[in-house]
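Got some structures for you, see below.
Paired with subunit B in one complex and with subunit C in the other, subunit A is shared by the two complexes that follow.
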Partner chain A sequence: MTRDIESVVVEAIRKVAKLVDRDTALTRDTALIEEQLLDSIELLQLVMELEKAYGIEIPLEELAPENFADIGALARLVCRHLGGRAPER
Partner chain B sequence: MIAPDCDVAIIGAGPAGAALAIHLRKAGRSVVLVEKESFPRHHIGESLTGECVGLLDELGMSDHLRTAAYPVKRGVTVTGANSRARFWVPVEACEGSSRRPATTWQVRRDEFDAALLDKAVAMGAELVRGTCRDVTRDDGRVTGIVVRGEAGDRHAIASHYVADCSGQKTFLAGKGLTGPKSRTGYENQTAVFAQVRGLVRDPGERDGSTHIFYGERHHWAWSIPLSKDVTSLGIVLPKGALRRDGRDLQQIFRDALGKVNGELIERSRDVELCGEVETISNYSYSIENFTGPGFLCVGDSHRFFDPIFSFGVLIALQEARLAAQVIDRSLADPAHPDQFDGFVEASMRAQRVVEYVIRTFWDYPFAFLRLAHFTHQSDIAEIFSGRLYTPEVMEIEAVRLMREMLHRTGQIAA
Partner chain C sequence: MTSVLRDFAARFAEAGNEPVIACAGQTWSGREFWDAVHFCAGRLQERGVAPGDRVTLALRKCPEAVAWLFASLLCGAVAVPLDRRAPASRLTALLADLEPTMALFDAPTFARFEDGGGHLPDTGQLVLSETLEMPPGCEVERFAGPRLTAGDPAMILMTSGTTGDPKGIVLSHGNIATFSDWALETFGFGPGDRFLNIAPLHFDLSLLDILTGLRIGAQVVLAEEGDALFPARLCQLAEEHRISVLYTVPTILQAMVARGGLAARALPDLRWVLFAGEVYPPPALAQLIAAVPQARFANLFGPTETNVIAWTEVERAPATAGAPNIGRACAHSRIEICDAYGAPVEPGETGEICVAGPTVMQGYWNRPELTRQRYFADRDDLFRTGDFGFRDAAGDIRFVGRRDRQTKLRGHRVELGAIEARALALDGVAGAAATVCDAGQSLCLHVAAQPGEPLSQAGLRRALSLVLPQNEVPSCFIFYEDWPTTSSGKCDMARLDANHRSLLYDQGETS
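Let's look at the complex of A and B:
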């Protein structure tokens, strides 16, 4: 389940992040904030892309750095809001 | 009871005291204003919000504002740790549900406060130069103040009401008349600030705007233009980050400039100081029960939160206006004195909104950025303008979203 979400996250990152091009490797553990792949504005654009793609709404307090740390964290964030299905690790 | 010398004795002639005096004089009430300093005097807190314009017009200050050549403020730029995490909050005028760009001013407080006090005196407020030392009481009711004049003489001024406009001195709280003074969570901050030349300001017509730079939680700086080339520049850091370690204030200021935000470092490379470096610590507090029999506290004299969004003068002017209304009503109805509930409610409601905004900004910067830059730009503009004093402020959607979030996270009570 999160594996599918992860690929949607990757696709969305390629759409919003200026510093990410086709050659940038993006995996579950890619550190988005630490590596400065996305700035704050792009991170929020990314969240909004994911909200639109899945028809979910992330509560404001969950817009926190720990939920954006890497692609896996973002996928788990989305998963938690898809009706409580347990994320596949 | 001795016949009072005046309807209202006001302690402190800063913006809260002078504005209260003007409103009361317009209502035909007699006023004594006690001020220990000789104006003009220097004061920090130069930025006005959009709502100040109408309030100052009411006070007869429009001519002063137009002729004083203060920088025109069109909005506030906020820049985060990454310079692309930037948003702009315009000053907007509100006509029904439509909004249009508007402007306000950055005021040099020595000139501005002196002009407001001159206006109060011209309106017939009696200015007494001296230091308020005490209040007089009769059966639990405040009945006036005791003033030590410049020549060392002490005299009592009897009044129907006493208004504390002493600002951060919190005079009546110091006399034990109010509830206790409590901390509000930003008391460990220290500000170090000065007037400078050579700071790179925002380009074009945004030259007169406020710029807030922030970095780590509770690390921030302000840039507030004061004239064509002089800018008020201040850095606020948790106290530990500003330990003296044998440095003088100038060195502390220079070092602090490098600790907030990369963009600020770039913009302040050629900064020259053109005044003393000053510092303030422990400035955040809240005082309960700030009205009582015969007295009320206005503006900073009962509450000071975090100055980041420049609400200081706005709160002083708004509370002065509301205080004048409730005092006038109470004076008109001697059988029912101290009709202060409306003032207390409006004040506390506005202060709560300010608290929601500031807590969200610091504790949930991504949430704030989402509201301010993407989803609720005009709500945030409305709050920054200072339209905080009607019950409807709680219905603003961004206010509701911040309140509900802070409630869910346990940072505020329901």
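Let's look at the complex of A and C:
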């Protein structure tokens, strides 16, 4: 299931991050923060995209570097909030 | 007072096990730090670094990076912290201009630099500094370093220039020591203070946290580079380390209040919150004061070229109307408000904020003509900040705005002209105008295409991200066939800006 979430995360990143375009390779291990692919505004936009896509709410205190380090970490964050439910889409 | 280093030598001669630097779970005692500095200095000297030589640092922010910085100073070299995330082409150009005797990289940064087609000038020796490889328990030889005078260059801080070429601000040991002495005296910092360093090493705000904090044996907590994106993480660091001094830009403080839960944190030791770099919107400032009422607040003012030249302690109920108050000149400097010819204007009248004093930079690296332009033709004593303001009835200086098109984007200084110059250098671009909108939050590039040349947003973005720092790559592009002009034939910025606002509105409707 996290595999599906990962592709949604990738889609959301492509939508909000201005430094990412179709030619930018995004894999599970792409270091989003280390590579500074997101700025602070885009980070919030990304959270909003994911909240909208899954009907979840990510609390502010979970906006932490370890949850945004890479696509795998983001997918796990979303997955935790789905409480193990399969994504409704 | 020639150099802050003299204090370090005295301080660390008897340095013990008290923590002085903490970062990502790692803590260095005074003795460990000073050992590391001497170890690095020894390596610099082995490789022939002599007084006045440049040492560039493209290093991830960590205690080792700070040790290399101090080691460069100890050797009498000029330390140049670089934005390691800058495009390879930009770093290559910077290194060619700086001709460093030693170019320090960490391994991932160097790999990216090489992958991006970057190359070192012939003079630079490369050192990869992932770890210091200092054998545990090794005896590090202590040495005094060359004798330094106030006029000797200590650091070069890079900022973007109006032509698109970056310029290096040369700061002397005297410049830095004057600022540091002033900060110590003004805010009464002591060895018991704990500073949270949020700014990157290449940003002048770090001169307070790192140089002044370590100088007095206080503890400096380094936020990691990515932490600035996560206001809750910054608040957590402040709480965990019982931070007593916080110095950053208003944008970050606002985020810490709004999204980091600053008010809910236990920060019993927080004494001073200092901010600089942009205007703090008054309603947001009132929220900050309400969030941490135990602290005192001060606004510091001055471009990187002069460091802080004016300051004011913020009142509990900050004024909500009128031009922002930047206070009075620091004790070390004299400020004059001048007209275009360098003559003082009447009180209450707006003019350029000019300064004479020992914190004014030595000049721009390798750019004597550019340096000369910062002074009036017949007055070489007054440095022109490029900021406009006036003196109010009480004698405080009120900030009005910038003279040129240098502006602030999310708290960072950008030269709109530099971004336009880069865009104009691209194929198919006939005209380019950059505007900052959304209250300083986003950068928009208006582009006139050459007839018959198809331009795409993705293509322009990719091309610009190769030559501009990431925070200067526009987030929005608007294409024009017909460039709006004023009667004098110049690009009509007011119309471009209005156009952008209506476009934003349209997008809001459809999404």
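Following the convention adopted for this analysis, the second predicted complex is superposed on the first by the 83 of 89 C-alpha atoms of A that agree within 3 Å, B and C clash if a C-alpha of one lies under 4 Å from a C-alpha of the other, contacts with A are read in each partner's own complex, and residues count from 1 in each chain.
The criterion applied here is as follows: a residue touches a chain if its C-beta (ideal position, glycine included) is under 8 Å from a C-beta of that chain, and two chains touch if they have at least 3 such contacts.
A quick note: this is a predicted structure, and the numbers were derived from the prediction, not measured.
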item	value
Subunit B versus subunit C as contact partner of A:D39, first or second or both or neither	both
Which of subunit B and subunit C A:L82 touches, first, second, both or neither	neither
Subunit B versus subunit C as contact partner of A:L63, first or second or both or neither	both
Contacts of A:L19 with subunit B and subunit C, given as first, second, both or neither	second
Contacts of A:M48 with subunit B and subunit C, given as first, second, both or neither	first
Contact residues of subunit A, present in both the subunit B and the subunit C interface	36, 39-41, 43, 60-61, 63-65, 68
Touch list for subunit B against partner subunit A, complex	80, 82, 84-86, 360, 364-367, 369-371, 373-374, 401-402, 405, 408-409
Complex interface listing, subunit A residues touching subunit C	18-19, 21-23, 33-34, 36, 38-41, 43, 60-61, 63-65, 68
Subunit A - residues contacting subunit B, complex	36, 39-44, 47-48, 59-61, 63-65, 68
In the complex, subunit C residues that touch subunit A	85, 108, 224-233, 255, 259-261, 410, 441-442, 458, 461-462, 465, 470-471, 473-475
